[in-house]
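Let me begin by handing over the structure; questions about it come next.
Chain IDs A, B and C follow the sequence of writing; residue 1 opens each chain.
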């Protein structure tokens, strides 16, 4: 019998908790349960990193917009008249009202419904009624947010200086993604699921298949062999592993013949814009995320000579992952809502001309991942509840959980970088710059 | 394009935020979103100022009471046997139970339902069962709250020393209000609306008509010309302004002939009991707040020779406003519930003998303001959400928003006065006095 | 008229509030309303004391378990293969997931549903898939919680060193309880009621019958004479008191003839495991807690020659009370959920062979206490609301509320003991021991 639990550890400052983190183990409880870390995660991670926000397919035409909530921020992403995606804080420069209050729509100008201040889709203040002489509209444009698109995926960065490695990331993943034509796809379905867990538990859960026995539906088409080397494969999975080896060899041949990049590139904890990409086979029919592995959509995303392309898997820090098959793509984004609540948004993309009912059945298209999401929501909620006990102590990761460790490494390095920055100095500089700009505005 | 947003301002103490407030601009975010300011606002504003709480018409007979919640306080306002309105904290002196748990009712004595301690309507403890010898009931009367009535309106003050300027306020507004007979009116309707915004946003919204294009129903009878001088009137309102000028001239003649005071008295940010009062015309039929401007109630509030009296508008700091027409009065009170939730109570008064169905139709009576309230709830909720973004920065008021600025000036001066008081010294003195009283009780 | 309320007392540290507590009076507001005291109560009281958790009857067979939430802790109580009750923290040693997520059930092993780590009912880690070489399962057993049973009642203690006086408590109360055969009883009913009050108000309410006029149903069978000496009995209860004296004399004769211990033992504020036990008559038929005092269950708990045994009353600090009659037992446990929310669990035990419908009617069995619970929930919610007002000041207990004072004395002494412990030193020692154990595990 184990000794009874010691008293809870004394309350520690985030910096101390970060510095005393034990590698190879889950984080201490405050990282997952405290409001202080929730705020810190927004500030140090979500307001600093490139965040996957949406598919370009959600904004097909000029004037189309979506609103994206990232922690306490609300951002408008809008396609401008030059067909670029731009982004702005969704906050009126008059008295701060949220301007666009729907999740998506289409506008000519961006008009605040409170006092009718009117902005162009480039953020310029075009009209503000009844102002005093000397009021200079050019000082009151919408505040911009950095926006980038890569092969049909929209990324935002709230920081004044976004991580500079985005270009490298983009040029690495673009050749993998481009053949799937995502900029010209359409949204077939989108679901929002609120998980009762810290966002990091949601991400950690995504980064291992050690729990995949809990996903019987997913396991039909998806090889649950994540991160296993041959000698680590547990006995129960040896037959599956043999089947994977055969499918993998066949898939590589196909990828080579079609010129599709497939090699794993793994930069999960080695850079601010951490990612991993690889093209891999699927089980059964090998075409898609369905119960028998056959394509869910007759009309493929591109003119592929075969649907049997397995899937392109892309993992991004801090908040997204993607599975792109020949017939459809599934995009997952994660947004913290509170220390113990997290939004998981799942978006299914199909060819723009694929018709529901004719080319695909919605339940078949979404069944595997919708079911898997629901199962994961149960798992992470249990983790959150358990970690909330003062009896919780960090436990060891299994070797097959190495991407969980990568995620935690990346996360901890982001916190360290943030906490080591002389925040006060930085803000002083910014505030000074801001005051100067204000004075110039007057 | 504007520069990306600087990092959020460093967390600042309330005193710093108060002292660095920029005139002519909306307040910084913490004033509207932080729990710290919510508590400070209760302590510095709502527990110090005279608060409009109810109409006398809600307490017509001796023993009639209402319970009024002001932040964490619950107050009993009761008409005593001498027909005066008195007020007490709704807290039993035994073990602290809330005594009266309904919103209103009628009592002989005030009896706590827990252990049946029984108090008179003058607050005296009349009976407490099974006490030890030496128990002195005279030490355990209900704690009093200051109460005053002015022309049918009930005001409370939770402070030990209420603002001394109440008499001046009362003597100024009484002649305006008295002709409408409110002490002898009856409550025709009362609604409670919870707005998802800080109470100051609710008040600020009330203090400008810059947003009145969002109130098409109200704009039919109400001139949306609030604070515009002739040369500031925007082109779209010039016809309306001309109509207002004609109606105003006619109304002044009527007021003069009837001896009704009408001149604006504006003391919004110049005293603890800040207010503004003025009698003004209404549009269309000019009689009342209805879709065509005709009186909603056949039986007028008093024996006026005409219903065409426009409305008497009274604005009070911190939490109320009033519109009194010939046929009915509408009273609005605002109570903070949380940093981001506010109760707006609206009370419609009509002549005591006016009969629903015969003399007035309830939907016609309440339609304009009930609709306007709902619209305002949407506006202020959008403001609250936008201000919650770290991207919010205070923006400039338009000249037509001068009463918003007055409200904010008044509010900031109240906070300054409170923060500058040597609170510790004051409390020490009070606690010493309290201990002395307790010792005397023994 | 009383003087208006002084300003609220300055915020004080828990240690100051504890040390300035005025005997004979209710506690100051922060004890009941602040989150700080909620956490302190869990740490100093609920994680240090023996807590009544369940009836043994809830775990009749090996493998039967219940999960018990105590503040942020979740505990598994399970009957092991030797038929002993053992307890473990319900937290997986891998990544902290809550293992058992139902309130009760039966298991062979204790299996975490997330990654299938498998523990025996003795807490040993039996299996963890895919671990690296060198992983030592013996280091990752479930963390134990102290568990004890006394005459059919299950007690838990979360502290490393439980109060040593439990044996004395057990040997004192066991002879009173044993004749009622509770280990072999069955659960006839169990209700969970969430009261909107601090847990201490729930306990204080239980510890006096000064409010029993509010329980007309209970007063039919239960003598509401709690703590009254003859000369203190109020006039309205004198007839009742005379009836009590006769019933008491008769009951004592019965207890003597049957060899049932009945004398009061009162140790409510004199030891860590504070309690009071006494056997007393009931009114009317004198057999049970029913509207006419007759037994609710035909089959008695044991082979008593008469059902007219009144009830055995047991009061425990911090969180339980019990009423055991000849035919059934009612067990009450109290668990804090938040500063202002408390769970009251009520469990009715009857003879294992008593059949619902034949031997007892469920509504008759549960009616009196279910109704009383609902009434108490209203009372304590009013107390919580009143105490939340800044106008609340501690008031005096009546002599009949002496057990309330005992509870508060006990509680305050627990806080003092906790606050006086050199917590930092203790934790350092524990953490050092823990690190040593971890190093040994490696």
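As a working rule, a contact is a pair of C-beta atoms (placed from the backbone, for glycine too) under 8 Å apart; a residue touches a chain by one contact, two chains touch by 3 or more.
Values in this document were obtained by computation on a predicted structure and should not be read as measured data.
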What's the rotation, in steps of 5°, that superposes subunit A's Cα atoms on subunit B? 120
Given that subunit A and subunit C are copies of one sequence and touch, is their interface built from the same residue numbers on both sides (over half shared) or different ones? different
Whole-Å distance, C-alpha centre of subunit A to that of subunit C, is 47
Multi-chain contacts only, two chains or more: what residues does subunit A have there? none
Residue ranges of subunit A in contact with subunit C within the complex: 1-10, 26, 29, 204, 210-211, 213-214, 228, 232, 234, 379, 382-383, 385-400
Using the touch definition up top, name the residues of subunit B that touch subunit C in the complex. 43, 47, 72-74, 89-99, 101, 113-116, 122-123, 128-132, 135, 140-146, 158-160, 423-424, 426-427, 430-431, 433-434, 437
